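Letters are used for the chains, namely A, B, C, D and E, taken in the order the chains are written, and counting of residues starts over at 1 for each.
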């Protein structure tokens, strides 16, 4: 179903949302088996926007290997799966990236014991990587550019990679810096490991949909933008209901449907963004409750702070 | 060799003029091996024919051609007025007219005796089950083992199994019965009980073609003995003549072997 | 049961005074089952002994002890002056002096008849192959199947196989032959050909211990019949005496069963 | 022979159904149509779906740059090589682990099978327990367990470092067992002969020379055995051949090695890892062990059933003829048991080769991990990749099973 | 030579064997120390065994069952044993056994649904009884037929009328077949009946089931396929694969035995291709390619797709088992059926297959064992079989770092299933060998 995904979704009554099999903070199952995490919240926002029900989402766990096939084969409607936006993926794989919900970069983690302070000192090291990701390619590029030798140890998933790293089967663990922090937090003795300062790549992570379905693209894109815009405008899950009734700020009014009919242009209910924000909170709230500094993952906003605060998160205007 | 002591009533065993089986110039090859050569045979209704001959002479092949277990390549076989061609309807018709008993009984081991006997009537003749069972019991009584009806073939002796096989064929009410060495896989004690059954059948006027080396049986019930060798009918005659006064050298040799044995 | 018609020349069959096998107070248990009890037996060179007895009486076990296919636990077995202990050298020596034929022939199916016969001479006696083959052909002629030398055992009839088995043993030029029911797995027609071979062997003065129920054979060639029951030797005597005038109750009972049969 | 010809019957349409000569054809045509239309339907869907995605079936991705690295490899490869070459590396890795697995499982299986039949109660029970434990748990689990046992128990390279290191190398400092793999010394030649480049990969001439000498030595050994046989035929005594044979193989090889200036390059700890020497990576070892331990159980059963299929009478007859147990085994029991064992053995080789595809679970870069993993993922050509993957495995399987049929036929012929 | 004659006057009684050959001593001598080599072997083995046990036993038996997380476990170890040696932290099994066995579907996500897979399994066992044991009442065949529809209902949930309507459609299909076979031969009646049934299901099922459902609503909470996980997933895939593959396998086996050239080659080709490729590639086909081969409107469920491919895989293997069974039947059975005038399909159904299938049961059981073990491969494509679940347990911060305890528990459960089934198949084989025939 290349076109008409939105109709399919509405007919089905559920969104099929592709997530990772388990990346702490972004998407993992809690002890009762429910999905939770940063990416999951965005799926929930979509559910709320379309169906007024944040739980109208089926989570499809995908490995990095089968994610694009699952998407292009229509098994999922949207991929919120820490997927890096690259040229070839956007163009050659016939998928479309509709935004960036997390600005990331590839980093390295090593045991402190090794006495390594920079990635440039990793000549001859064994590196654990998850196969099927851009990290594999960045890694090859980085070491080639610095004419260093290394031994890749490709691993199927984070859990195994972590176990191997802990047992010392590899010297270095590399993945997106965000995940790195999560992994480090979950090691037996986090203080014994060091995340090296180099970020060797740009890893803009964002939702992916099938190429050529503009209506659906718009829904995903603007639902995500509404969360960022909400933070910019000070709309939170706590006050959204109140603000939706109407405020002095026309931007807020337009977005929350008090003025104009933006949601209807997306063929959704007039208060679609209100529902989304109410269900998950704005971008900042999502960040804080899933991966922020108060969580075990403990990520700082960094690049993902709002543009007004020196970060890169920026929503095009709702107008 | 068991000689049956039963006194039989030859007067009952009439041969009518009607033709039951007509074989004209039949030839058959296995690959390039010419196994049946120019067979001509007319069997009248009610006739009881014994076929003898050395091993490999084509006796089994001939009678297996009659109900199309083997296909002949040349010549005609006409059974009960129906020509045996590759037309499946004719084959089906002939097979339900002709019953056959094998050397190794070939009962179905996973079915009871009764089920063995009712299977074909129910599925081929579409007889209601109840009726089929009644018929089956009737024939099982005839072969004198009604009490075994609910046992499985593996629980019966060889002679009993062969009698069940005969009953099974009879349940299809065939007009012609073929026997391919029905007693040669049996222990001597059991041969008699099977032969008795066959004699009884003969008395009732069944048309029978029987490959056998039981010469006592041949003398007693056959009205013709056919001797085959190398795929051809070498000699045929009434039993008395055949045994006492064989014409061909081969027949003499064969008889000397088989009777001396 | 086949009675051999061959007239044999008893004068040739001499028994010397030399002792071939001496068994003293031999006892054997399988677990706690006392299978051989106090066996005492002296066999002179040239003697032909037939061992009879009901099934399970320990006949096979006894003769298998003689070439250490079974181990005895008490008592002595002395074969040709060599005592059978667990010393491997003695065992090897005795085994190459003693030939054995089994009920089920036990030919090696992956080897031709000739290879079956030359295997042991070549590998145990270190005979040159050519010589071994000549010997083998000689013994195959003796058992009257030289023309089968290049066939495989599976292509031979039971009787032929048993004769090959005898030839195979003879190729090792044993001074003593043991037979364990050599004819009991054979069809009646084949029994005679094997017994004939054994009689010929006996005529040549081979020391033989033979477990068999062929009483015709016993009468004809044995100079002693041993009757075993419950693991013990119950009676022994010359054949005529043994058959005509058995002493013990058990022997009488056994004979009545076996001869009446 | 009669020369009458049956009159030609006119053909009627109903004969298609009710004539045994034609009915077979009718049914076959019908079935063929059914199957073809099903295949056409599937293929048509695939073509349309792929066209809709703009991914028509093309194999040119194999020529694109792979840009990923593979550490365990038999031939030269770097990340700038093509996907095609990466696939070749993967294929060779598959064959490598399959070969190693088959050899190890056969050796262990034969030993295990013999021990299983041993009259030592403890040993035979232990082998039985091993068989029951290992074959009733999924092989994937064993592969994980082997991999993690290795990484958890073997020392890390850094533990070899320092004056009072926790771990030390084996065999006179030439073999290092670490949790990243095992490092063996590599053969080096101070007077090398160079390589032959045959396009896809290079073959070292030293290796060819050594191989040639080895083959020559084996042939010489065969000739020697023949001579011994001839002597045995004539005199009955067989001259001892083992030592001469061994010398005929070893001496020339030693001579060539000395001529080429052979020495070993020992692995040394440099930086993070051992350098130099031949490296067998941890995933390779883990996969190899897992597959071997699992497949061995089946081979043990094959050997056991093969030997037990030979009746007890056979060994008794051999004993009665004076053959010793060893000879009995080699001349009587084994030749017969082999006919039962070999077909089972080969089907286990097939299974092991197919199971080696589980490499993907622990990061051994075999065919599935390269072609069906990274290449598929980076290029997005799933249809092409997976079809190729299946075709290659099919070719391997068919080769092995053809060999098996050939063997079965050969054995059948000699039987009767 | 009357010195030869000898008569025993008194029979000897059984005597006890010498002490060295019976009892414990005798046993030890015979089984462990019968020769020098054997004694050495015994000692070496014993040493190996004891050292193996010595290294594993403390880890297993000093482990603890009561803790909330791995770090809690470690605290307890430190407190109890002082040193830094680690023992098993079995608490993870206690904490998460329900997820591993029942998956998320019947454990945490839907509280109190354990009974559904349990009843399903019991139903399957009940259904197998008449097939596996010859002597139980024939009435149980009804259970066999019913469980075919009830098991999926118990696992997937939803309205009972769905499966029941399918059952009705299939019964209708049988009647279509009966009717059609009056006019045409089996080879055509069969496809006609199948197409008819498919059409019935396609058109009639939704309205009929809907109507019945609204009239008499009997519903179970529905469980989406991708939430089915844990051993329930493995067992479900295994059972579906075996049950669904049987008819296909029978057709393939008959095809491969057939004289019809094209039919024979098609069946052979299919069987050889499937047997020639690893299962994992077929699972890739299911999760990656299958979608391409279907019209773009079909919404393919990955679990169902995997089941379809595993079924085809199993069918190829079982076809070979059944072919063995067919080949083992004496030719006389076919001839007797022919001579009685039975048609090809009647003969197959009434005479040949019942016997061939019976001989094949042990082979089918061992195939079931391998399929069941092979279901672990689905973890590679991110389905949550027990191994997949163990991964997500290990990625949870509580149990991060746990390896052996989970693998050990999963291995034991697999072992129990497979071992008991393989024993059963051995028993069955012996039963078939000695059974009266």
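For this structure, a couple of remarks:
Here, a contact is a pair of C-beta atoms (placed from the backbone, for glycine too) under 8 Å apart; a residue touches a chain by one contact, two chains touch by 3 or more.
If you're wondering where the values come from, they're calculated on a predicted model, not measured in any experiment.
Among the remaining chains, those touching subunit A and also subunit B are D, E. Of all chains displayed, E has the C-alpha centre closest to the centre of the whole protein C-alpha set. The copies subunit B and subunit C differ by a rotation of 160 degrees on their C-alpha atoms, rounded to the nearest 5.
Distance from the centre of subunit E peaks at C, each centre being the average of the chain's Cα atoms. Ranked by distance of CA centroids from subunit A, the top chain is C.
No other pair of chains has as many C-beta pairs in contact as D-E.
Mean C-alpha positions place subunit C and subunit D at a centre distance of 51 Å.
Averaged Cα coordinates give subunit B a centre that lies 49 Å from the centre of subunit E. Inter-chain spacing, taken between the CA centroids of subunit A and subunit E, is 40 Å.
Look at where the CA atoms of subunit A average out and do the same for subunit D: the two points lie 43 Å apart.
The multi-chain contact residues of subunit B, meaning those touching 2 or more other chains, do not exist; every residue touches at most one other chain.
Across the assembly, subunit E contributes 288, 291-292, 296, 380, 403 as residues in contact with two or more other chains. Listed for subunit D are residues 23, 52, 148, 152, 360-361, 382, each touching two or more other chains. Across the assembly, chains come into contact as A-D, A-E, B-D, B-E, C-D, C-E, D-E. Those residues of subunit B that touch subunit D in the shared complex are 25, 27, 34, 37-38, 74-76, 85-89, 91.
Note for the complex: subunit A touches subunit E at residues 1-2, 12, 21-24, 28-34, 58, 60-63, 66, 69-70, 73-75, 156-160, 162-163, 166, 185-188, 296. Subunit E makes touch with subunit B in their complex at residues 330, 332-333, 335-336, 338-343, 346, 350-351, 354-355, 358, 436-437. The touching residues of subunit D, when paired with subunit C in their complex, are 232-237, 311, 313-314, 316-324, 327, 331-332, 335-336, 414-416.
Within the complex formed with subunit E, the subunit D residues making contact are 17, 23-24, 27-32, 34-35, 42-43, 45-46, 48-50, 52, 118-123, 126, 132-133, 135-141, 144-145, 148, 152, 354-355, 357-358, 360-361, 368, 372, 382-383, 386, 389-390, 393-394, 397-398, 401.
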